[in-house]
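Across the two complexes that follow, chain A remains constant while its partner is chain B and subsequently chain C.
Let's look at the complex of A and B:
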């Protein structure tokens, strides 16, 4: 394998500066996160408690959490095994929710 | 032999710094997976009772202080930004900026807890607590709307347990970030060791992300309700 560029290698022998975050990107993500938080609060207040309010609130929160994970937690630069670990936690939480909701939501359905 | 094998930061059992950093990140992500499942249990229990008693939960939520919760949301999101900027400073070897970003993060986290303290004090003052201290005016309000006051208190149990456990996570985070700032001040976080900052930041961002769900579930459930 070819050796890395000598000047770069001397300056940054471990390649740590190669994937440094761009501050403009981080600030843009920050502004979007604040905007979504305020939108969630504003929309919730305007809509009041309806059947659509909770799904909308959770959708906005999920987008926010996704932005945090992708940009702030660096999943966009993550190894496959890190991404797999992150997704597996959601997968297991999905199993948790499906199994206990299947139990509690069907208890009123008395058979026989 | 590659350049990355020549570093005082490199632990003897890793081949190079890249492998060491990847293992540190993976270890923290595995811990975060257990944390997600831990909070998943709480969210699951909340979901169940919210499905069963939606109107009681909405009424109880409408009495929480959304202004303070909004201020806290802004504090936490801003602290996530400064924590990510701290990683950048660590990678670039900017020791002063690293310490500065870490201390700003600690200040924002402390401000979050102070606001939370004022909020709890207000809730206790207004008798918005489950158990014998539960305000009779909330009891009467629920009865007048044809709702069960016990379920209002059930929501408050979720409110205190979920925000309390989240608050404990914030305190742990403050301790970890202060330790990082101390280590940075001692000069033990050179660019090669930036992953020490990164693993703490992963924890911090998860605490932030959990709040992003607590906010709508607890504070916005009753938003827009008229009393």
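Let's look at the complex of A and C:
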């Protein structure tokens, strides 16, 4: 196999450096996560138990989970198999919720 | 189509010479306790698991013995009602979480997956060792809870009893199971990454042994389902310790929620237990019938199919728990679906046996026992998947008999088949052929006597987990206890002859069963890094009809019907097409 001849490739022949996280990015993401957590707590106190509270809090939590998966769990650098694996876990969670709801949403229905 | 292959001399390369005795193998590479406790060798870690789960199998068996002895009399023969509750819970927890789940993946998976795909080790050797320590930590906590007085909730730990009323040691037991779940996740992750990333050149997905496919499907379930039960068990602890209403309806919780989350893991966990056993059976049936597997792709993909469909049907455990009628209909239908991939396997195994040159050595006897008992267990499962009949049979001994036919008749037989099949490779020693065959027959007979009567009394209304029963059921319970005694003797026999084989057994050749897999190309016992050179795979995993291993080399002469493998000394004859009519499949 021909040797890579660019200066960058010689310097980082296995492409390791591009997979290393930038500390500034990680710290920024961490700060955002803490901010979202505080926002979640704040919403709980400010809004009280309204119809919108839970969906809003779940939406914030989903953004947090997404950030953790993308940056801290390195999906950002993952190949197709890794991303497919992550998506499959979401699919499985979907199975859990959909079939749960098949029970909870129809339990009040009277047979016949 | 059927063709006759004439004996024309070897068409493949001759069988490889017996590998030179390796001065350093994985067993003699260090004798100190530390060389075992800090090993990162997948084979040694497999042995650590083997020793551990054997102890838990014995402990769970003792608890089962207490249950069966107590049921000799209608009013309870030996223990109080409370102690009876603790005995069957200990039996369930030990057997399920600390024997059945880790049995094949952690012992044979750890030991053989790298060898079967031509790798030197698993992808993450240190994670592998960590998984054993985590497993032992969880197991010690669970054992402590049993020794400190036990748990009386049943292995299912249903709230609100487990969170509000039970006066037993629920928390340490639950935490023990919670911790051991991480071990299961680690093992599954390790096996999955290893299969993806470390296959030898030429080892395509279509050439993977079916045991590897089965472990891949198992790992999928371990990774995706175990976290759900882990968090569920943690919620039990939270409710029990802090009184936060999650499952207890008196403080705002929902007990059905627990059952949903528990069975979302615990039903697929049944397939964590049985799928690896199915993988073992595919290896053993082909080897001892000298036939290519019938329908390789169907068997391989049915493993994945079982893993996926297995996630869709958990609520059939809850038909009488108060779930929606429409959901119950849906889950009843979905439960039927899993019969399809299961039946695909059984039909293909049967077709594999058809016109094979079958020899009845111990691994084959256990494998045939698996097939028969699994068929009975699977068919009785259809009774329980059917909504109407399940209302009648729910929580009776019919259910107990059904899942023991699948778990013990299936999985434990698969485990013993694998143990006897791979023991010469793991230890380098042959065991007694006669005693091992006798043990297989005793176990099968004992099993039938134990569990067939339970179908009858269950159908006639004897509930599970009750220490008392009407007098008319006594004869069946006595039969069942007698069968359990025979079963116990059968299970103890391998302990004796396998242990004796370590000291007095004849040295095993590299390939005593004349099998085709890569693991048989290593010396017995294997060297530290398995292969001196990375093997190059050139053909499928079960080319018995043309008599070549996965590297395209000839096979040693297979053991005959009356041939005692313990008396064979390595390679005894040329390889080549067998002088027999063979079925061309696929």
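The rule is short, and it goes like this: the second predicted complex is superposed on the first by the 99 of 112 C-alpha atoms of A that agree within 3 Å, B and C clash if a C-alpha of one lies under 4 Å from a C-alpha of the other, contacts with A are read in each partner's own complex, and residues count from 1 in each chain.
Here, a contact is a pair of C-beta atoms (placed from the backbone, for glycine too) under 8 Å apart; a residue touches a chain by one contact, two chains touch by 3 or more.
These numbers come from a predicted model, not from an experiment.
Put simply, more of the residues of chain A are touched by B, taking chain B and chain C as the two choices. Judged by the touch definition given at the top, the superposed model places A:92 against both chain B and chain C. Of the two partner chains, chain B is the only one touched by A:58; chain C is not.
Contacts of A:68 after superposition: chain B is touched, whereas chain C is not reached.
In the superposition on chain A, A:20 makes contact with chain B only, while chain C stays out of contact range. In the superposition on chain A, no contact is made by A:80 with either chain B or chain C. By the document's definition of touching, of the two partners only chain B reaches A:47; chain C does not. In the superposition on the C-alpha atoms of chain A, the part of chain A touched by chain B in one complex and by chain C in the other spans residues 81, 88-89, 92, 96, 100, 104-105. Note for the complex: chain A touches chain C at residues 81, 88-89, 92, 95-96, 99-100, 102-107, 109, 111. Interface residues of chain A facing chain B in the complex, by the touch rule stated above, are 9, 13-17, 20-21, 23, 26-27, 29-30, 33-34, 37-38, 40-41, 44-49, 53-54, 57-58, 60-61, 64-65, 68-69, 71-74, 78-79, 81-82, 85-86, 88-90, 92-93, 96-97, 100-101, 104-105. Against chain A, the residues of chain C that register as touching in their complex are 196, 224, 228, 256, 260, 264, 311-312, 314-315, 323-327, 330-331.
Within the complex formed with chain A, the residues of chain B that make contact are 3-4, 6-7, 17-18, 22, 25-26, 29-30, 32-33, 36-37, 40-41, 44, 47-48, 50-51, 54, 58, 66, 70, 73-74, 77-78, 80-81, 83-85, 87-88, 91-92, 191-192, 194, 198, 201-202, 205-206, 208-209, 212-213, 215-217, 220-225.
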